[in-house]
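Listed next: structures, encoded as structure tokens.
Two complexes are shown next, each including chain A; its partner changes from chain B in the first to chain C in the second.
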Partner chain A sequence: MTEKILGIFPVDWRYDLTSLPHVRKILKSRWVPFLFIVLNLSVFTVILMAAFVGGISAGNYNFGIMFVWIVWWVLLMLVLVPIFSRAWCMTCPLPAFGEWLQRLHFLGVRKKLFGLNKKWPKPLRNMWLMNFLFLGTTYTSGFLTTRPLATFILLMTIIVGSIVLCMVYERRNFCVYGCPVSGFQGLYSNLAVTEIRAKNPEICKNHKIRECVIGNERGYACPWMQQPFNMKRNTYCGMCLECFKTCEHDNMVINLRPPAVDLLVDEKRGLDEAWKAFIMLGIAIFFFLIMQGPFGTLKDWANAKTLEGYLTFIGLHSTFNLLILPGIFLAFAFGSQRLASREVALKKVFTNFSYTLVPLGLMAWVAFSFGILFPNSSYVLHVISDPFAWGWDLLGTSHFPWTPFMTGIMPLFQVGSLLLGLVLSLDIGFKISKQTFQTRDEAVAGFYPIAAFLTLATMFLIWLFTG
Partner chain B sequence: MQKKHIMEVVAGLLVVIATVVAIAGVLYYEDKLNRERHTVVLLARAPELGNWDLPEIDLTQGEPVRLKIRNVDTVTHGFTIPELGVGINNPVEIKAGHVAFVELTPAKEGTFLYACSVWCSKQHPQMTGKIIVSRR
Partner chain C sequence: MKNDRVKNETILVLIIILFASSPLALAQQEETKERVITIEASRFSYKPEIIEVNEGDKVTIRFISTDVHHGLFIDGYELSTDTKPGEEGNITFVADRTGKFAMRCSVTCGPFHPYMISYLKVKPDYRLFTSIYLALIVFIVSILFVSRRQKP
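Right, the complex of A and B next:
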């Protein structure tokens, strides 16, 4: 019998969103996603300018800060990743310059890419680099979200870094293995309700020339170095749509699907992704404490008021995310192994169950995003009217005062999303338990400690966000 | 010219519009606004972060001018020219990240002190500049 997510959605249910001929035609055009990227580029030009001219001023009234850390972040966590998977990567303009330089074309297809075209080092073909880069980026969260110039420096570093890496390494290795925000989008997109997959695997099986992998005159070899004909998880698919263009059998589709089904794919699970799940959950907790919590001392540490305080913050932040949180989870995984079966390696139990943190982790970020959205989104009305703080009033809203809204019922949204995360984590968790252990009895016994961890973590998060 | 070449040129133009033209357009619009309204731009920063920029403002007696004061600091600043009566009866306060406009027509020539009128830092008393009004 087919398993169901939350007892409602059959795991293998799919609806082809690209079945309409016009939709397919658009997706096969080389203007897509180019036009989305250019549109996004124009917004980022304004963001970069605003962040540059904003200097070190308070970020609340800066277009760059507002659009990167309020609008983009909230959209990413609330809408883009849960619904559209890695659609952001499809439209992201930051690595576009590097890619255009590699191709020496904006639209056209070239057989050989410009640059050294080296292979990405094997030891780095995982999420570890992105784990450390993202964690490292969060060390500067005290400045990034408040000082426009810091946001400018971060974005420019990403643009320049991507150009350099594109000139040294082939295709979009920067996006796959080096972009700080790529890793969590990859992991959390396993939860998304959309996917790009081959429509009929039989067609791909009989098609010996893998054009989606090697490219042809209509499109490039998968820039994300995936095998689109055989893709099972969203993790490393940047949705660039090249496979739609190269596939001569028109066999690629964008599917609507039940949430979180990728988390049940029992292959390629690894400690790098496990740590990504821990780091993301840990950072959600720390970000809440720094940005929305009542702990002034911690805010001062994160804002580097003193060097000792800043180093204490980095030490605590890193230790909690890299050691303490995984350590606590290891204890529960150990309990799971002891209760279920000692024949299954502890590493496997630990790794497999770490994926249960994905729904809860994303929902913790959703809850955190509500804490940004409701109190702060009114600033957006100000900054779209006066994006550079030059006294403009383009839309007549530059004097719109800071107006928090719905903050009274915000905890309900936060508790609701955390509970939804818990339910989904428990549901996925038991299915993973059945994959991990051989018998149903073992799976039930082995799942108790993990369910306890997830429940305790959710109660802690609810207390933290609403207490 | 082949169709694919035309497409490439159009795509390139779109990229230029999204970047270079956007930046140039913004700067041109700001410059146009400032010229049309005889605007002098003044940055407000606490002394330890660079102080007023411009430290000296040259004006002409009897010519109306609009001072655009951008607070690029993280604290509230104020603005006053006591000898010209600016910011005395109607205090000018500029919150962090905000912009204030002060319109004045200097009636007399001379050198006048302008200052921040809100306690903004330990070095607040040093947050001053000069306005030099010369004869037309």
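Right, the complex of A and C next:
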């Protein structure tokens, strides 16, 4: 019998969105996603200019800060990742310069890429580098989200870094293994309700020339170094659509699907992704405390008021995310193994169940994002009318006062998100338990401690955010 | 074997019920009072960081600043005031809505201004108790759901 997500959606249910008229034709065109990237690049040009001009002034009236940390971040967590998987990566303008330089073309297809085209080092073909880069970036969250110049430096570092890596390493290794925001999008896109997959695996099986992997005159070899014909998870698919162009059988599709089904793919699970799940959950907690919490001391630490305080913040932040949170989870995983079966390695139990944190983690970020969106979104009206703080009033809204909206009922949205995350995590949790242990009785027993952890974590988050 | 399992599950459910009912004890209604609370603002926090009152209390907030121009906006109550050093802002209201409400700075006062937040807690927090209960109910339902015997 086919398993169902939340007892409603069959795991293997799919709806081919590319079967809609004209959609396939658009996706096969080389103008897509080029035009999206160019459009996005024009917005990012304004962001970069505004962030540079803004210097170290207060960020709440800066276009760069508002569009990166309010509009982009909230869109990413609330809409893009949960619904459209890694569609942001499809349109991201930051690595575009490096890629265009490799190709020496904006639209055309070249057989050989410009640059050294080295292979990415094997030990780094995982999420560890991105885990540390993202964690490292959050050390500066106090500056990034409040000082325009810091945001400018971050974005320029990503642009320059991607150009350098594109010249040294083949294809989009920067995006796959080096971009600080790529890792969490990869992990959380397992929850998304869309995917790019081969429509009919039989066609790919019988097609010996893997054009999606090696490329042809119509398109490049998968820039993300995946095997699109055999892709089972969204994790490393940047949705660049090259496989739509190269496939001569028109066998690639964008599917609508039930949420979280990739979390049930019992292969390629690893500790790097497990730690990504812990780090993301931990950072959501720390970000809440710094940005939406009442404790002045913690804000002073993150704001580097004193060096001692800043180092304390880095130490606590790192220890909690890298050791304490995984350590607590390990205790529950140990309980699960003891109750279910000692024959299954603790590492497997720990790793497999860590994927149950993905729905709850993403929903914790959704709850956090509500806390950013509702009180602060009115600043956006101001900055779009006067993006460089030069006294312009392009849309007549530059004097729109700070107006928080729906903050009175915001906790209801936050609680709703967290409960939804819990329900989905528990549902996925039992299915993973059945994959991890041999018998149903073992799976039930092994599920109890994990369910307890997820529930306690949800209760803690509810208390933290709203209580 | 089967008896052991039933026994274990019964104990588990009893523990959960016991655990779940504990917040009820915290939800006792207290006598209403008139309260005058002084909140001191300085970049980028308030003192006290959290203020707690009871439902029905008449609350007067005396708002002072020790450095620059600051504001105070209370979520949910939609009330605000502001003050400069040497001055005093005031808000008086009846705490007729329970729960936790953010109090935010409403005057741009520096880089960390959007993060300048303190909290007003109006007890008993029915919303919190309900939310915690809902999480527990989800847990209990999922445990009962997975524990039911599969038809052979």
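We adopt the following convention: the second predicted complex is superposed on the first by the 466 of 467 C-alpha atoms of A that agree within 3 Å, B and C clash if a C-alpha of one lies under 4 Å from a C-alpha of the other, contacts with A are read in each partner's own complex, and residues count from 1 in each chain.
The definition used in the following text is that a contact is a pair of C-beta atoms (placed from the backbone, for glycine too) under 8 Å apart; a residue touches a chain by one contact, two chains touch by 3 or more.
Bear in mind the structure is a predicted one, so any value in this text is a computation, not a measurement.
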### More chain A residues in contact - chain B or chain C
C
### Query
Now for A:D386: first (chain B), second (chain C), both, or neither, which partner does it touch?
first
#### Entry: Partner chain(s) touched by A:T455 [first = chain B, second = chain C, both, neither]
second
### Query
Is A:F447 touching the first partner chain B, the second partner chain C, both, or neither of them?
second
### Message
By the touch definition at the top of the document, which applies to A:Y61: first (chain B), second (chain C), both, or neither?
### Response
both
### Task
With the two complexes superposed on chain A, say which partner A:F405 touches: chain B (first), chain C (second), both, or neither.
neither
### Query
Does the superposition put A:Q292 against chain B (first), chain C (second), both, or neither?
second
### Query
Between chain B (first) and chain C (second), which does A:Y15 come into contact with in this model arrangement: first, second, both, or neither?
neither
### Query
So which bits of chain A does chain B touch that chain C touches too?
56, 58-61, 146
### Message
Quick check: in the complex, which residue numbers of chain C touch chain A?
### Response
12, 44-47, 49-50, 73, 75-78, 97, 99-102, 104, 106, 108-119, 125, 127-128, 131-132, 134-136, 138-139, 142-143, 146-147, 150
### Task
Using the touch definition up top, name the residues of chain A that touch chain C in the complex.
56, 58-61, 142, 146-147, 290-296, 299-300, 303, 375-376, 402, 404, 407-408, 410-412, 415, 418-419, 422-423, 426-427, 430, 440, 443-444, 447-448, 451-452, 455, 458-459, 462-463, 466-467
### Query
Quick one: in the complex, what on chain B touches chain A?
4, 7-8, 11-12, 14-15, 17-19, 22-23, 26, 30, 33, 49, 68, 70-74, 96-99, 101
#### Entry: Sites on chain A touched by chain B in the complex
30-31, 34-35, 38-39, 41-42, 45-46, 49, 54-62, 100, 105-108, 146, 386, 388-392
